[in-house]
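Next come two complexes built around chain A: one with chain B, the other with chain C.
Now for the complex of A and B:
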């Protein structure tokens, strides 16, 4: 697996594309809604992109727990 | 859910299907709409139109589910529309899922009440692949006439136009369910009003999007009721 294919890097790429914030500026403690501007439509896109690119299925319970960038990175690392 | 539960639901689905088919076959339909939406829904053969179809999001208030189910089964699914529905994971949802599958719909299980739920993700992918969906945005448990975010999110993310459908009958029973569901009586005239297709703009705030969809649903429901009442007075 190349560095850019690592689950956390894929998630950062997805988060960056959806939020419009450069990967280098995204920090684990950032709140998805307040800091990255991920509202309901973007949340849908985020979850679909993560599932498609990482070939995983995210349950509603797990999705509801994702409040920060760190939550997303931790989840994909564990799922990958 | 136990094996006995599943058996009971399977039996109930058969009975409801037979009941609705028999009752629905006595209804006299009056379909009202204008322009493109009406033409797309009622004209042409499905096989010839398959390539021309674009994803659309049909919606209706939950208390019109019975006439809507009959309309969708006989006018849309029977003509080959690639329609998907979302059915909750409850027992009621299982019943609805079995009925819908029997009529030829694609059924996804889950919820569309919040942005990003697994049910919504399945519908999103279905729309992205060219399929259409039909939703009751105040279902499955209400509050009645309150649009939940799911349909707004789907329209914004796919650009699929929302087509509101309103149904009313000149003679009907009203159930004591949370939504006060209507059951048109045998040989009732059933009016179905088809609204114009219009997507929710991507930049629209969620609450405003919900308000827009609700207003459009109210308008077609009111028009159907007015037509049914006017006719009943004659």
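Now for the complex of A and C:
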């Protein structure tokens, strides 16, 4: 697996594309809505893009626990 | 196009009759429900759906549910929803659909809201997922004893309500284990209440709109006629299917999609709103595959499609060869219709055979069962300039105002000035409506009913004008925000903000929406605070945004801080939101700091 394909890097790329914030400026403690501006339509896009790019399935219960960038990164690391 | 189909049996007078008729008269038609991400679907005939409803009725009866009991169904669009909601209907109980929790964010706020509804309606039974029941039990333990559903703004419902929720709640899994009990189905009169639709109340508590069988069936019949008008025959005679993603707790999903298709014998291809948000293109792909179709969506749905699949944000575009020529009526309603959105949507779909004349704006509200006006011309979107000299804080939308059509059959619309005078065409005032689809009252709330029904006319709280007998909506008088087609009470935002500042009754907050162009309405919070340091204010704004994001999955357009006491209030201390918005827009608020959107 190349560095670029690591789950956490894929997740950062997806987060950056959806939020319009450069990858380098995204920090784990950032809040998905308050800092990245991810509202419910974008949240669904985030889940689907993560699922498609990483070939995983994210349950609704797991999705409900994701509130920060760190939550997302931790999840994909564990799932990938 | 299908052959014109005559109605096989007399038009049903009640919803159970409609369900029984669908099972017998339309054996090849039915309901398909998509999985969460829209990758597959399961289809059942209407006869099988009726079978589920009968099973549901037998299970609910075994739990003691009786005629007139409120049964709250808080589930996504699913077979379990059908079993419980339609089962309650067959028993003559009053089913109430409540939105399930959102995709991301706090289950706590949602659980408290469910508890509040169960308490307000004194529901006999709640059918919901295990996570809601577990959360309620957990919250009941951690909530102060003695706190009730009253007071405690921002807290939602108290310990007792949460305990009641846990006690009255059943999961579909538990219901499935119940031994069936033979029951006698109710044979309701058309004038009896059939179900309740939840809507926002101005005092912060949800209200339940009582809809009779007669109102529901009338709305189904006249909507079918109105949709069919440009084609010279009611929609059911030429349409094969509806493709829908609207939630069943919304009048447009429940009445406009589920009832419409089962009453008129159409196939319904149903996905959850979250599925549409995840894959908006699926809606159009299914429309293209299902023959001659019509489908409703709020303006926001068309906007999302145009943004995600077309224009600069377009990442995927529409698939090659997608044929939308069978999409005969694209209904747009549930919030302000934006000409720029319609234009963008047509730009995306016209190359795929979509006829721009199929754009059909409409207007309705839960208190009107659903439809009040429908564009029946079939000429596509028509607009008129906003009447001059009538700019006010209540305005929404741009200079060009969309026509939302003429009143549906047997229904009247008039425009009233604030002093109660009826206004001539071309002048803006409050929209009032009267007809068989208008509700009979709110459940257990005679005061609110008296305010909404004035001399038999529904005071809609919406502003508009008439031209050539057709309605044009220009704004809103009532204090609600309509975001992505969903009504939000300003209190929900205000309590969250007050919870963050900890201001209690001293530091208040006021919420309203501002016009966001094609994005529709956008929420703004003005918050009183004693904090002055810019860094502390920024942190406070961040915390409020985070709380609003987690609880409601919303992005605030602006958070503005003012000194204590600077939000205009009535002598009894109620926030005057329209005056607040007027000052905000006019730049008359003394802002401590303006925190721009991050």
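Things worth noting here:
We adopt the following convention: the second predicted complex is superposed on the first by the 80 of 80 C-alpha atoms of A that agree within 3 Å, B and C clash if a C-alpha of one lies under 4 Å from a C-alpha of the other, contacts with A are read in each partner's own complex, and residues count from 1 in each chain.
Following the convention adopted for this analysis, a residue touches a chain if its C-beta (ideal position, glycine included) is under 8 Å from a C-beta of that chain, and two chains touch if they have at least 3 such contacts.
Every value quoted in this text rests on a predicted model; they were computed, and no experiment measured them.
In the superposition on chain A, the chain among chain B and chain C reaching more residues of chain A is C.
In the overlay built on the shared chain, the residue A:35 is in contact with chain C alone; chain B does not reach it. Shared-chain residue A:76: touches no atom of chain B or chain C.
With both structures placed on the common chain, the touch criterion links A:60 to chain B and to chain C. In the superposed model, A:48 lies in contact with both chain B and chain C. On chain A, the patch touched by chain B and the patch touched by chain C overlap at residues 39-41, 43-45, 47-48, 51, 60, 63.
Of all residues in chain B, only 110-111, 114-118, 120-121, 124-125, 149, 152-154, 156-157, 202, 206 touch chain A in the complex they form.
The part of chain A that touches chain C in the complex is made up of residues 31-35, 37-41, 43-45, 47-48, 51, 60-61, 63-64, 66-67. Against chain A, the residues of chain C that register as touching in their complex are 36-37, 101-105, 107, 131, 274, 277-279, 304, 308, 484, 542-543, 545-546, 548-550, 553-555, 597-598.
Residues 39-41, 43-48, 51, 57-60, 63 of chain A touch chain B in their complex.
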